[in-house]
Every structure is written in C-alpha cells, then in structure tokens.
Amino acid sequence: MENLIALLVAAPLLGAAVLLCGGRRLDAVGHWLGTALAAASFVIGVVLFADMAGKDAEHREIGQHLFSWIPVEGFQADVAFQLDQLSMTFVLLITGVGSLIHVYSIGYMEHDERRRRFFGYLNLFLAAMLLLVLADNYLLLYVGWEGVGLASYLLIGFWQHKPSAATAAKKAFLVNRVGDMGLSIAIMLMFTTFGTFAFGPVLESTGETSEGMLTAIGLMLLLAACGKSAQVPLQSWLGDAMEGPTPVSALIHAATMVTAGVYLIVRSGEIFNAAPDAQLAVTVVGAVTLLFGAIVGCAKDDIKKALAGSTMSQIGYMILAAGLGPIGYVFAIMHLVTHGFFKAGLFLGAGSVMHGMNDEVDMRKYGGLRKYMPVTFVTFGLGYLAIIGFPGLSGFFSKDKIIEAAFAKGGTEGWILGGVALLGAAITAFYMTRVMLMTFFGEERWQPAPDPDKAPSVEPGIEVHPGEMPHPHESPKVMTIPMIVLAVGSVFGGAFFSIGDRFIHWLEPVTDHAHGHPPISALAVTMSTVAVMVIGVGLAWLQYGRRPVPVVAPRGSLLTRAARRDLLQDDFNHVVLVRGGEHLTRSLVYVDHTLVDGVVNGTAATMGGLSGRLRRIQNGYARSYAVSMFGGAAILIAATLLMRAV
Amino acid sequence: MSFLLTATAALPALGAIATAAVPAAKRNAAKWLALIVSLATLVLAAIVLVRFDPGGDRYQLTESHAWIKDFGVRYELGVDGIAVALIALTALLIPFIILAGWHDADPLETGNKRWRPTQGFFALILAVEAMVIISFEATDVFLFYIFFEAMLIPMYFLIGGFGDRAHEHGEEAASTQRSYAAVKFLLYNLAGGLIMLAAVIGFYVVAGHFSLQTIAENGVPEMATSTERWLFLGFFFAFAVKAPLWPLHTWLPNAMQESTAPVAVLITAVVDKVGTFAMLRFCLQLFPEASKWATPAILVLALISIIYGALLAVGQRDMKRLVAYASISHFGFIIMGIFAMTSQGQSGATLYMVNHGISTAALMLVAGFLISRRGSRLIADYGGVQKVAPVLAGTFLIGGLATLSLPGLAPFVSEFLVLVGTFARYPVIGIIATLGIVLAALYTLVLYQRTMTGPVKAEVEGMPDLRVRELVVVAPLVVLLIFLGVYPKPVTDIVNPAVKQTLSDVQKQDPKPEVEAAK
Amino acid sequence: MTQFAAAATLSAGTSTGEAFQFWVLGTIAVLGALGTVFMKKTVHSALSLAGTMIILAVFYLANGAYFLGVVQIIVYTGAIMMLFLFVVMLVGVTAADSLKETIKGQRWLALLCGLGFGILLVAGIGNAALTEFDGLAQANAGGNVEGLAALIFTDYVFAFELTGALLITAAVGAMVLTHRERTERAKTQRELAEQRVREGKHLPPLPAPGVYARHNAVDIAGLLPDGTPSELTVNKTLRDRGQIRDVSAQALNDLKALERRAEDRLERTNSGSNGKNGEASK
Amino acid sequence: MNPVNYLYLAALLFTIGATGVLIRRNAIVVFMCVELMLNACNLALVAFSRMHGNLDGQIIAFFTMVVAAAEVVVGLAIIVSLFRSRHSASVDDASLMKL
C-alpha cells in the first residue's frame, strides 16, 4: 500500500512532463491524457482511502521513504511521504475536484490552440499540490509549496499575450514569494532549534524549547500562510489572479491551492498550541481577512472578482478556526472541504455563464439568465445556498460550527471573534444574493460584444463577432456534469460530515479535537447565524431585487468606491513598494555607476592628469636631459660619500 | 604517481595550439577540432571523477616534481572533492560554450579567405579551460598563482576581441566599449593579482615552501597574528576581485555586457569560480585564524553583494547586465556560505558554484540566442517572444526559475543550504539574506514578462525558434538542472568529506541544535 | 730625453721641478679648458682644447706614462683635433653661435650642477686622499712600453681585440654616415637649364657676388640698385653657414674716406690750378 | 708635492667639460667638451697608476683613448650628416625627443 503514495504524485507529474515536452503531435489527445492521469490519481487516492478506512484509527498513518534528498553533515532532508487522515482528506479533495475540473476544462478550453499546454500545467499543479500535502517534512512541503506557486503563475498568465494576465501572474508569484520567505525562515528556525524539520520530530519535541522560539516559528508560518491563502496583508494577488481561465480560478484560487495555508497551520497545530500569541495573531488575521474579503465582494461588479472576494473571506473563516486551536482545527478543515465543493461549483457556474455571454464578466450586463441556462442556474443556486449557510446545506454546518467555536474561545476575544464571524455571515449572504440576483434574475441588461481589439480581455479562440448581441445558451454536457457533481457535493457534504461527528472522529487522531463550550448555547448561535443570513439576503433583495440594476455602476458611497479598488490595497502597494522600489533601484544604479565605479575611474583620471603635467618636463632638449643626468650623478656621489661618512 | 591530472589540463592546452594552427580557410575544421578536444577533456574529467575516492586521502591523484628548487616551487597537483566537482563542471560547460559560440567568430562578410579570428576564438576558449583546470588542480601556491594570473590574458582577448554582432550604436561604439570592458577586466584582476603576489612571496618568507600537501601533513606554519592577517588580506583581495565581491564587482557587468554570451558564461560560470574556490582552498587552509578574524566583515560584504546585486539587476535595461548583477548576488551567497564556517554553508557554497555555473549558462546562453536573433541586448526591444518562439521562451523561463532558485531545480538546494548554514551561526544575516529570494524572483520575472509575454512586437514577428544546435546546447543543461535539483546526492557525496576537512582546518564545529544543546 | 730620465727616476716623492711644472702648466690647462667652453668661435675652442691636450700629454710624461704621453700627442692633438678642425671647416670656420641661453634656467642649473659636482669630486678625493704611494719605479723597470705591451697582450688581449673590432666598425660607420650614394647620374648643363625653364623660376644665371677689390669677395652680397645686399648673389653653402658679409655700410664709409682723401689731394691741385687759372684769367 | 693634485686637476677639468656640454649649443663644441672630460679621466687614471705602482691604469687610459678615437670618428660623422640634413650644428635643433 505505501508504495502507492508515490504514484499519487507521479501520475500527474508524468502527465505534465509528457504534455509539456510532447510537442504538437499530442495536441489531439493531450486533454484526454491529462484528464485520465488526474482521474488515475483520484482512483489511487480512493484505493488508499479504502485501505485506510479499513484500519483502526490509531494505525491509519502510513509513510513512504523514497530517497535521501540532501545528505549533508548534520542536515538530513529526505524525499519521504506521510499519509494520514489529514493528508488523505486533502488528497481526495484535490484529486476529486481536480479531476472534475479537468473534465470541465475539456469543454471550456475547447477552442484554445494551446489546450495541451493548459492540461500540462493543470497536471503540474496537481502533482505539486499532492506533494505539498503528502510531504513528511517541511522542506519537501516547501517544494510543493513553491511548485503550486509556479503552476498558479503559469496558469494565471496562461493568456500571456494579455499584459494584464502577465502582470497578474508576476504579482501572484512575487507576493507568494514574500510568504515563502516566511516559510523558509520558519524552516531555518526549526533546523537551528530541533536540528531537523521533519513533521514527526519537530511536532513531538515542541515542549523542549522556549515559547518565544515557538511563537517566532508560528508567526513565520503564519506569514507563509498569508501569502498562499491570500490573507491580509498579502491578499492583494488573489483578485488579479482571476485573469486566468475560469477553471483555474475554480481549482487553484478557490478549491485547493489557496487553502494550503490552512493546511500548513493545522498541520503545525502543536507549534501553535504551544504559542498562544502566534495563535492570537492567526485568529486576528483570519477575522480581518474575513471582513475584508466580504466587503470587497460586495462592491465588485466582475463576477469572478466578487467570487474571489468571497473566497478570501471564506478562507478567513478557516484561518480563524485554525487559530482557535483544537476546538477549531477540525471545523477549519471541514469548512475547507465543503468550501472546496461549493466555491468550485460557483466558479464553474460563473465560467459557464461567461461562456454563454461572450466572456462578459460584468454582472451589470447579465440579468434574467435563469431561463436560458437552467442547469447552470440550478447548480449555481445550490452552491449559493450552500455558501450563505442555508440550513441543511453543507456551508451551514461547517460555518455554523466555526462561529460557535469562535464564541467558544471565551473571554472578550471570543465575543469579538464570534461577532466578526456573525457579521461576516451576514455580509456573505448579502453579496452572494447580490451576485445571484444580478446574474440570473431581473431584466436582461445584455450588451453587444466588445471589439476584441479594443478590449483584449476576451479569451482567445471563442468566436466573438464585435457588436453581436450575446445569445446565452446552456454549456455542453462535459461542462455541466462536473457542475452537477459539485452541486451534489455542496448540498450533502456538510450533512454527511457532521451527522454523528463523522469528520471529527476521522480527523481527531491527527488534529486532536476539543469540544468548545460557547458562553451562549449552540442553539442560540445557530439561530443567530440563520437570522443574520436572512437579514443579509433581505438587504440584498431590497437593493438589487426590487429596483432595476443600473448597467453603469453608480458612483456609490466612499466605502463602495474604496471596496471597488480592493480597499486601496493596490494603491498602497504601488505607492509604497513599487514606486519606492523603482526609486531605490534607479538611485542604486546611479550610485554604482558614479560612486563605486567612479572611485576607480577617478583614480585612473588623476594618474592621467599627473603624467600629463610631468610630460612638460620632457622638453626634448638633449641638454636639459643631460643636466638631470649630471645632477643625478652628483646626487649619487653625494649619497655614496654620505654613506661612507656615516 | 599518475599523470592523469596533468593530462586533463594539458589536453585542452595542446588542443588550443592545434586549433590556432589550423589554416585560415579551414575554419570549420578548427571549430570541430575544438569541440572534439573539449569533449575528450570531458572524458578525462569523468575519469578523474571516477578514480577519485571520496572516502580516501585529502589530496588524491597527486603528482609532485621539483620545479624551481631555489624557491621551493614545486609542480604539485592534487584534487580534493571540491576541486573534482569544479573540474567536472568546467569540463562539462566548455563543450556547450564552444557549441553555443559556433558562429560568434565567423567573418562578417562570407568568403573572407584570410579571416583567422575564428581559430583564435576557439583556441582561446580552450586555453582558458586548460588554465582553469590546472588552477583547480594545483596544490602549490605559486603554481596556482601563475595560472590564476595567466588566465587573464586569453580572457582579455576574448572580451576585447569578440562582441555581439549588430550593436545598437554601430560597430565603432561597440569596439570602443569592448576594449574599455576588456581593459577594465584586466586592470581589476591584475591589481588583485599583484597584491596576491606580494602575499605569496610573504607566505614563502614565512613558510619556506609553497606546498599545500606539506601543510596538509605538517599543519600550518607558525606565523605572527598580524602577519597572518596581512597575508590573508592579500590573498583574499585577489579572490574577491575575481569572485567578484562588492565593491570590487564593477568590472563584471561591463565584461559580460560587451562579450558574447558564451564568453560571458565562460567568465561568470568558469573563471570566477576559481576565485571562490581559492577562498575555500587557500584562504581557509593557509590562514585559518585570520579567516575567522575576518569572517564578520566578509559576511557583511557578501550580504551587501546579495542585496545590492539583486537590486541593481532589477534596475537594468540590458539583459546581459541584468544577468551579470544577478551573478554578483549569487556570488554573494557563495562567499557567505564559505565564511559561515558551517558544513551546511560550505557544502552549499560548493554546490552553489556548480549549480550557478549550470543555471547561469542556461539563462545566459538562451539570452544570447535571443540577442543573436534580434540584434539588441535591450530588454525593451523585445516582447511577446513566447508566442513566436515557445521553446526558446520555455528554456529561458526554466533558466530564470533556476536563477531565482525554485525548489526542484538545482540552485535551490545549494541556496537553501547556504542560508541554513549561515542562519545557524548568524541568524540576522541569514534572515536579511533571504530577502534575496524575493528580489531574485522580482528581477527574473520582470525580465521574463518584458521580453517573452505581452503582445508580439513587430521586430519579433517571425523570429525563429531554437535551432537544433541551440537545442543540443540547452536541453542537457535543463535536464542537469532538474536532475541535480531532485537528486544532488552524487555531488554532495563527493563534496562533504572535503568540506569536513576544511572545517577541521579552521577548527570550527557546527553549532548544535538548541534542543540537543539543552540535553 | 734627460727629462724623461728625470721622470723615470721619480718614485715615492716628487721633485720640486715637477711641482713647478704642475702649477704652471696646470693653470694653463684649466685656462685652456675654460677657453674651450667659453670661446665664441668654434675654431678658438678647438685650439684651446688642443693646448690643454698637449699639456696633459706633458703631465702623462711627468707621471711616467711615456707611451701614453706620446700617443696623446699623436692621436689626440695630431689626429683627433685635426679631425675636429676639418669638421669645423666643413661646418663653417666663422660660424659663431651666440652664447645666449635659449632653454629657461638651463645655464644656471648647469653651473649649479657643475659647481656641486666639482665640489663633491674634490671633497671625495680629499676624503680618499692617500698620503703614501709607491711610484712606478719597478713597474717601469723593464721600460714603460714593454710593460704596457706585456699587459695588453696578456691580461687585456681580449679587450684589445675588441677595441680593434670597434675601430673598424667605427670607420665603416663613419663612412656609412657621411658617404652619400648618388642614385641617379648627374644632370647635364642642358638638363639643368631645361629644368629651370620648366620650373619657370629664375631663368637667367644667378647674379655675381658683389665685387670689393680688397680680397676674394665671394662672401659679399652684391648690392641691389637701392644699395641693399641680395642674398642670392652668395654661394649657397656660405648662406647656410650664415657667413655672408654685409659690407654695404663699410663700402659706403670707405667711399666717403676715399672721396675725402681725393678732395684733399684735389684741394691742393685746385688751389694750384686756381692760381693758374687765375693767372690764366689775368 | 702630492700627486693627488693631479686628481684635483682632473676633477676640475672634468667638471669644466661637463658644464660645457650642458651650456654650449654648437654640437662640435659640445663634442670637444666631451673629449675634455675623457682626457680628464685619462689624467686621473694615469695618476692612479702612478700611485698604485702598476700599469693597469695606463692600460685603461689607453683603451679610453682608442674608444675616444672611434667615438670621435662616428660622432663627427653624425654631426656632419646632421648639418647636411638641417643646415645647422645646434643640438637644440635636434629636439625630436619631445612628443
């Protein structure tokens, strides 16, 4: 059984290698190959899961040691895998949703002549992500960590001819690099503290070092998580990442990669448990991002960016939960899984809508689509209900548990966090309802397709005739089926997990679980959750359901305008980092040329001038040379005489 | 006593003479001859690699003959793990360099029967190879010094004599800038060399011999602390110029910018390595105390190199200059690793020398192919290449990712080792150095974005993708980058014992992890 | 010969005679040297140098270097100085270069160095002054010439041979330097005339030098109608040497003087004649 | 009298000659001054040989004379050809050593 673990990673990796090096002759079958390998990986995952489920809870963790990676004096880094319940959860999520989205992409990328490469990148991503969750030490995890970063870079920038896409890709990679810095520093700290960075030894011996050190490690890990999971203050890249093809947004920037931060924190639970300050920082980051994303989501008219904001906020929930410690870990992961379902579904739905609307992304130019694309409408609707936490659907269970746990943290912190979580739930309901109404209800506000030359944002290969009105149509089966599957998942997932605390028991061995006791009864929490949800929906209905939606966005309040600009985060980055950096580098180039180089050239120049002056003495008259000779002779004699005298 | 090492160095030397002697009309014969010789050298280097026993004595395959008796100068060769690795690297890169520069020295107007520079170009490359290899092998300080300096002569002609075709300011400006760069290169390195010569003589006065092998047996000669420090500085200065370390770096950007891509690779990937190698072999072994004394200052300089080089790379408009400044940043890492005085740091540094050689070669050579197509080094002149020449763009990206040391590619291993090794002893410096990771990503990705992505520029339209020859050059390098990134064990196994030795020379132990220390 | 004998006997001490000779001739030698340096005309320098050399020859003899003394007279004063005089003649006997210094500060530097150098030498000699010394008595026992010969042909034979080679080389070198190879045959009168016509300058023959019937006057420029001398009339070599004598002024003075003298004479005759005329008129 | 005086005399003549070399412009005169210096040396040598009671000094003086002869021959030849080429015997006119 153990040997299968490597296959999990190997299958998609092989796919990536073949597809990227294969050349054009694979164009015809490339997408099928990619999908097949993703599916194969999923099958392996299922087999392993069956095997694991068969064992009793204590002996479920299995590992596989491939080879010694970097053997250096006192520094042991191996390529070794560890598969426990936590990893397994992720494996199933990644490969499952991944396979579905592969299938979806077959249809979605049908007209793109670089489809083979797209599938190559997707496979590369799967491999890296699986490596991330299967690694048994932090360094190997780091490899997967950067690997998914690379895949996301390639996929965001897949339409490289669009400058916006290229820039977004670069931005994503850079911001992630800042996070990676945190991770690598954390690893160094572990090495200097524990002499190793394998999960086992490190997490077991947390008791043997000071809390300060653990806090430092924890904060560094948090920084890494912020980068990957788009948490404040490193959240700015996620919005732009929507430049990528929609399946990418669904898989990488909603379901899997962005949740890697949550995985990292839950995985390093012992460290955080022993470092309350770090934990507090995590909860704070989570809470802030939760609101931040939600507010941004309310203001965006671009459907994908609205969803991106929601993703940010939902991951905020997870981070918050992860920050709560044992009472939260399980729910963080649970929300992560359910979110994986419904958010992927929502994105795929959005993609399907764009597909039918000539790639229009502005929701103000949608409207009344429900009768044109029923399947999309239904699946999207179910996802919607799930995310706002409609009772009975998956989002309801997971989110409700998180809010409960937040209250359970106790003390003022508990109240604050719980309150924030509740508020977030309300806002979630608001903006998701907004999306829903603007897209599928109301009158049809369709606009003629833009001229692709003027607006390069149109995805290539999809035939768009400038000026032609969109004629929405349901997407092909190959796209709708994955959406249906995901919808099913997002409906029943939560219930399946929570009934009888299945999920808790499943994960408990890995992330020990403690039942939190909120100051107010769980029922009250649930009630209030539902209440705020209803309020949010109602507000949204008043705003967008009753009145017609203007095609051109109104100027809006100060907050709205700020939120449209992602609460000025990019402006801040631009002014502080980009401008400052430009000035710094420019001045440094100048310094290098004038100062460092100038010193040398200056010396040379002085020499030249000096010799130029000395040259005057050489007047070319033999007699004056003779004089100097004669004088020299005299001096020599004087010298000898003096020497003899002395 | 085998003559394997002598042969390894002598073969390219003879090859150089033979190549230079090829008659003017037989230009291609010269190219093929040079290529074959370099490949044969590669075979010899491989034999050295096989014959070398990592577990064995410190210096192996030694040769020792009296040379200048009066000054105790001996013709003494011998290799330790570090030297073997670098010899292998050199012998490996030269064929690619020759192949990449296949047309760089062709006559401007075809049918020029009397054109000889082609022969000269390849002969000079082989000559450089010979000198580099022997200076890796020399265990006699004086012998090393001679070739350390002699290297400059062929390099001078390579830089000053051969530049990019179709320079933006016309051939006149090009040649003047070339000669400026060449002279600058020569003066900087000569200055370093002369100071080193003084130190070498001083060392002879103190020690009475030049032989490292003797030192390995009998230990370092007794000398006064101040003497040792002065001598150390004399040696280190020369190596720092060659390496190059901030603020002695300014010759490198000019040299790399003006010379053709293969020569630029020769400079930064092969010749400069002698500097860092010599720090490990001579500075640390001959003057352990002084090395420890100077460590803080050197680490700070290295740190400055890392950040400074990266920042300047971001600010460059010329892609070759950009790569040059990136190299300065990487050399900062190497030197930092050497003087961190931990086994991770030094193994990392040695590994870094190898990996940096390969990654820079990949990036620079692809950049060279790009430049040869468009005839301009300015980043702004490109755009959207990825669409017309995907393979070129792909290899360029891989080279770039290697430069920013992406995990999974070779440089990551070495860079991380260096960082860990430094961090273990000097946490603050280690943390600041990690900033280099972010900056590296910045300049690499900006370069890639500006040149490869975006709408296709008119000048770039119809640019041909990599040709077979170019593919033959790049593909092995890429494969090597990935292989060494996933499985660096072969190299580390060779390097580790030598590093252990060096550390024992300076009597330094790795700092114990806190947990064990507590126990 | 007696003097030689006297010199031959000279051993440790020196006779008062020699002292007297030294002081007298030494003074003259120095004067001669100074003359060589400060004489305006080359010839005079040459002559004073010759004088100095002869005196040196005498000193050699006095020091028992008979062979050298003779050689000094024959080679130096005989050959070399004559050679000098020949060259002086070639370059111009009367060519007197002004002693005015052209290079700034050269003279003062020179004198300063000379003075310092001399003082140093003297100081050095005084420093190293050895009071007792052994004469050439036994060295010259077998005759000075034989002694020299013995040394030259034994110890110094190699140097001797070399000097021989040197002399040959020098002779050849001198010839190479001075001898001018005539590459094309000399032009005939006709060709020269034609060339002049072709160049179209100065068709008629050059004007003759001024004639001043006191001596050979080739170095006197002929006067133009306005009384100014014309360089053209003087031989080119003389022109190059700057040896043109401009006698226009002198000539006029002489003329005046002549007229005056003539007048006196006429005065007399006039008076006489007047008387005669007067008488005649009566 | 002490024959050392001959040395003083030689020194004097030598200095005078040297000064002459420095201040005269006419090549011939300069040359004569050189000869004067040589002669001064010869005098010194002769005096030495007398002091040390062997003939080596005289031998050297002899060689000096021979060399001087050769030198004069060549030197004068040079002067003549110089004069031919530039119609002047001034050493300052031959100041081509200046760049």
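As written, the chains take the letters A, B, C and D, and residue 1 is the first residue of each chain.
In this text, a residue touches a chain if its C-beta (ideal position, glycine included) is under 8 Å from a C-beta of that chain, and two chains touch if they have at least 3 such contacts.
Keep in mind that what you see is a predicted model, and the values were worked out from it rather than measured.
Peer 1: Which one of the chains is closest to the middle, using the mean of its C-alpha atoms?
Peer 2: B
Peer 1: Looking at chain pairs C-D and A-D, which one is connected by more C-beta pairs in contact?
Peer 2: C-D
Peer 1: Calculate how many whole Å lie between the centre of subunit B and the centre of subunit C, each centre taken as the average of the chain's C-alpha atoms.
Peer 2: 75
Peer 1: Could you give the separation in Å between the centres of subunit C and subunit D, each centre being the mean of its C-alpha atoms?
Peer 2: The computed centroid separation for subunit C versus subunit D comes out at 16 Å.
Peer 1: So the centre of each chain is just the mean of its C-alpha atoms; given that, what is the distance between subunit B and subunit D in Å?
Peer 2: 63
Peer 1: What's the distance between the Cα centroids of subunit A and subunit D, rounded to whole Å?
Peer 2: Here the centre of subunit D sits 96 Å away from the centre of subunit A.
Peer 1: Where does subunit A touch two or more other chains at once, residue-wise?
Peer 2: 619, 621, 623, 627, 630 - these are the residues of subunit A that touch more than one other chain.
Peer 1: In subunit D, what residues contact two or more other chains?
Peer 2: Residues 18, 22-23, 25, 92 of subunit D each touch two or more of the other chains.
Peer 1: Can you tell me which residues of subunit C touch two or more of the remaining chains?
Peer 2: 103, 106, 109-110, 113-114, 117, 121
Peer 1: If we use the touch criterion from the header, which chain pairs count as touching?
Peer 2: A-B, A-C, A-D, C-D
Peer 1: Could you please specify the touching residues of subunit C with respect to subunit A in the complex?
Peer 2: Contacts found on subunit C: 103, 106, 109-110, 113-114, 116-117, 120-121, 123-124, 127.
Peer 1: How about subunit C: which of its residues touch subunit D in the complex?
Peer 2: 14, 16, 18-19, 22, 26, 29-30, 33-34, 36-37, 42, 45-46, 49, 52-53, 56, 59-60, 63-65, 67-68, 71-72, 75-76, 79-80, 83-84, 87-88, 90-92, 95, 97, 99, 101-103, 106-107, 109-111, 113-115, 117-118, 121-122, 125, 129-131, 133-140, 144, 147-148, 151-152, 156, 159-160, 163, 166-167, 169-171, 173-175, 177-178, 180, 240
Peer 1: Considering only the defined contacts, which subunit A positions touch subunit C in the complex?
Peer 2: So the residues of subunit A in touch with subunit C come to 619, 621, 623-624, 627, 630-631, 633-634, 637-638, 641, 644-645.
Peer 1: For the complex, which residues does subunit A have touching subunit D?
Peer 2: So the residues of subunit A in touch with subunit D come to 615, 618-623, 625-627, 630.
Peer 1: Hey, which residues of subunit D end up touching subunit A in the complex?
Peer 2: So the residues of subunit D in touch with subunit A come to 18, 21-23, 25, 91-92, 94-99.
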